[in-house]
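Going in written order, the chains are labelled A, B and C, and every chain counts its residues from 1.
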Amino acid sequence: MSKELKLGEIARLVGGRLVGDPALCVKGAAIIRDATSDDITLADRATLFDELSASSAAAVIVPDGLQPSGIAYIQVRDVRAAFAELVMLFRPHTLREAQGISPFARIESSTVLGENVNIHAGATVGADVVIGDGSTIHAGAVILAGCRIGRNVTIFPNAVLYENTIVGDRCRVHAGAVIGAFGFGYETKDGQHLLSAQLGYVEIGDDVDIGACTTIDRGTYGATIVGSGTKIDNQVMIGHNCRIGKGNIICSQVGIAGSCTTGDYVVMAGQVGIRDHVHVGDRVNIGAKSGVGADLAAGETYLGVPALPSRTQMQIMFTQQKLPAMRKELKQLLRIVEQMQLRNEDGGSQQGETSVPGSVQSEAA
Amino acid sequence: MSKELKLGEIARLVGGRLVGDPALCVKGAAIIRDATSDDITLADRATLFDELSASSAAAVIVPDGLQPSGIAYIQVRDVRAAFAELVMLFRPHTLREAQGISPFARIESSTVLGENVNIHAGATVGADVVIGDGSTIHAGAVILAGCRIGRNVTIFPNAVLYENTIVGDRCRVHAGAVIGAFGFGYETKDGQHLLSAQLGYVEIGDDVDIGACTTIDRGTYGATIVGSGTKIDNQVMIGHNCRIGKGNIICSQVGIAGSCTTGDYVVMAGQVGIRDHVHVGDRVNIGAKSGVGADLAAGETYLGVPALPSRTQMQIMFTQQKLPAMRKELKQLLRIVEQMQLRNEDGGSQQGETSVPGSVQSEAA
Amino acid sequence: MSKELKLGEIARLVGGRLVGDPALCVKGAAIIRDATSDDITLADRATLFDELSASSAAAVIVPDGLQPSGIAYIQVRDVRAAFAELVMLFRPHTLREAQGISPFARIESSTVLGENVNIHAGATVGADVVIGDGSTIHAGAVILAGCRIGRNVTIFPNAVLYENTIVGDRCRVHAGAVIGAFGFGYETKDGQHLLSAQLGYVEIGDDVDIGACTTIDRGTYGATIVGSGTKIDNQVMIGHNCRIGKGNIICSQVGIAGSCTTGDYVVMAGQVGIRDHVHVGDRVNIGAKSGVGADLAAGETYLGVPALPSRTQMQIMFTQQKLPAMRKELKQLLRIVEQMQLRNEDGGSQQGETSVPGSVQSEAA
């Protein structure tokens, strides 16, 4: 981490245009919040310039066209790519050279391995497992019998795939994730909860990411399915028999109960919960902490417990904050109207009327 | 998966009565949602017949007495048992033959093993552990010193039992579950959070299922207890010193803080949270996402944050959705009544009255 | 567990003053709830004396000055310390003698180990890892390349540290915790979710506890930081680029989205959720199940979804329970006022007035 680079060198390296002193030295690359006076930082939009001015960064990478003031800058076409290059330069990526098949991995002889497969020491691979070209199984991962893993997949340390799990190409399964455990289905007879059939498995499409400590249960008789391109964050729970669509984004700590189905490109924010047997339509957006108890129509944004269309829910939430004041007003009104009734009755009696339909009893007081 | 069976053969196999062409061939067994024209499916009640008609299934298993139309069917006494048999026929269960004690398991010499115990390669069993007859410890599971595990227990891959954990007979502890980690109890002195005593352990009764990545913390001085017959889903958290009753059903992502007690046959739906030191009575039902802050009386159903009797909460939730309209009405009323007051005062002044107790100030506006 | 001690001996042992029969024997130490007639228990405040009277405990440890009635007691200065001593006496702690470096651990040759380091069989330690004096790595834990672990740290079984994780002195990382997995950041191009740069790492200060199955994601380019003295319960999720302050208490199942920052001594109760890029000020308290969507000012207590100052939210929650009654009252008022309007209009017509601004339409009905 003791590397030191001149801005001129950096500009050449990332193919950018430097405005500032080419001899100025920087020793690291960090986001604005963390940057010291030795660091170069990045700002991919002008709205960050205030924060930038307040930081002590020595220089900044910006997109072509933007011109921050009071700081040396390098304009590039793709800020994030250029910055990533610098980060890797200052803090070279820990080497994970091709490892091959470790003699300390436990691999059943019936396993079929593609080319350039890496299986680290301490990984366990059961009978009849198939692993595609270029895939990596890290230490402590356990792949039970009959699993089929595609090409260029990474199974991180201590992840577990129960028997017969299918994983598509280019998936990443992070540490501690558990795919294919028993579904939570019981029938109660004479006070005993009897586990339902657990004959199914989990089928993960291509390009799926599965976060650390996420759990996806097997189907009862067939598959629990996660569609291609879907990204799942840490600590998500997907119940048995679910069928998650393509390109979904499922944030941390979401829980989806059994037999739910989702369309394509659904987005669920953190800590959402979905009841069993619910269908969520294509491109639905569900706000954080929402509780979904019924099917959701495609294309809509939902929020709250129970989840309602977002605009409706926002109005309700806004009004809730007025509730104590509303209650006070309501009480005042009750008093005033009672007074009026009394007077009216007095006045009304002159005309022989008793028109008001009963007196108001304050129940909410 | 290339097996093919005639309906006649299937009917004989499951001891059912076929109505349809006995020569018709099927190649798989799948639930209605997933069934193709090559599959036999199941429908255990008539309300599924619409969904069945819309599917392309070739045939269906139904209970005695039911007669779906437009599809070949086989009537049996126990639909689920018969269907499970077919699923296993078409997709034979991955063999997990008796494995015995793997030479690649790490087992302390002081461990006492019953008969027919299976310990897979890569499992770790600490000193003075006792494992009962017929139990299985999978790869990567870690059983620390002093644990006592009953008969016919399965500890799935990478589950962890801290020292002195007690597990009853016929329990299943799924992958990634952690039993007996330290409780979250601190005393703060001079700005330092000091960990309380961590001298206790966890005691699990018989026939308990514990889901993947579920965590149950040890007691401070004694036991955290889970009663016999209780079933716990994935990613549930049970705090230190809790005493969970018998036959509870605890769904995914429920969190129970320290020192709670529950009666028997309590049901908690997904993502429920329970404050520390709360008692939940026998046969209480707690709806999804509820937050429990106080003791709950036996036999009731509760819902919401804070949890209230379900009917009360449903009414409140229903009324919340009327809130924006209520606010509008309230404002209108305020305006009208003010108008009336003004007029009354005009009229009233004739009689020398100023009877209305102050004017209404709209605070919620 | 068959040990038996006389109260006289116990009093001497804990340096306390016995009031009761010194020859009375006890066979165990348990909290009041669990104590049998063979047990000594503890009561560290007088408010527990009712519960104590109802228990069958044989004797009790109390603080100097307190005098429970109807039971033998021992007064001591520090009740919890004395009681912990007794618990350990009756149920001696499972020995975890210095283990040294197991020949069955998998350790890269470039690893640098301090003095008195314990690495258990089945642990995996990658290239260029540094482990400080007195630290312990348990079975199944995986420490990837480039990690730096301080002194007297315990990494419990099956925890995972991704590459370059930094852990300070005296930390505990419990079983199944995952530190440094990829952040959940994607850019969507042509319907494909492309993972952002994952070049960062996680940096944990000194004296930090991390609970079982908790996950802390790496920064995008730099560090995700957890400050010294912070205690994190089980199943907590901390997103990429977060910067958690010192001395925080983060209870179970809390989720903190990416790029959040917290001050010092923040307390978050169970199942709290915090949106990305939010700042939580020093000494903020956040109530259980709250949902935080915006910055929170220092020193305040917050509650609810969205999180509001606790007193405000309590009022709102209290009023919500009045909602159905409020709606009923509002409807009654509507009816009465309509009646009044009608009458007024009748009366008003005498004076040629139509003063009331339109009739009230019940929208909430």
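Everything that follows uses one rule, which is that a contact is a pair of C-beta atoms (placed from the backbone, for glycine too) under 8 Å apart; a residue touches a chain by one contact, two chains touch by 3 or more.
Keep in mind that this is a model prediction, so the values were computed, not measured.
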| item | value |
| --- | --- |
| Rigid-body rotation angle, subunit B and subunit A, from Cα fit (steps of 5°) | 120 |
| Copy pair subunit A, subunit C: interface residue numbering same or different (half cut) | different |
| Whole-Å gap separating subunit A and subunit C, where each centre is the average of the chain's CA atoms | 22 |
| Multi-partner residues of subunit C (at least 2 other chains) | 122, 140, 158, 176, 213, 235, 253, 271, 320, 323, 326, 330, 333, 337, 340 |
| Touch list for subunit C against partner subunit A, complex | 106, 122, 124, 127-128, 140, 142, 144-146, 158, 160, 162-164, 176, 178, 181-182, 184, 186, 191-193, 195-197, 199, 213, 215, 217, 219-223, 235, 237, 239, 241, 243, 253, 255, 257, 261, 271, 273, 275, 291, 293, 305-306, 308, 312, 315-316, 319-320, 322-323, 325-326, 328-330, 332-333, 335-337, 339-340, 343 |
| Interface residues, subunit B side, partner subunit A - complex | 29-31, 33-34, 80, 83-84, 87-88, 91, 93-96, 104, 120-122, 138-140, 156-158, 172, 174-176, 207, 209, 211-213, 229, 231, 233-235, 247, 249, 251-253, 265, 270-271, 288-289, 317, 320-321, 323-324, 326-327, 330, 333-334, 337, 340-341, 344, 348, 353, 355-358, 360, 362-364 |
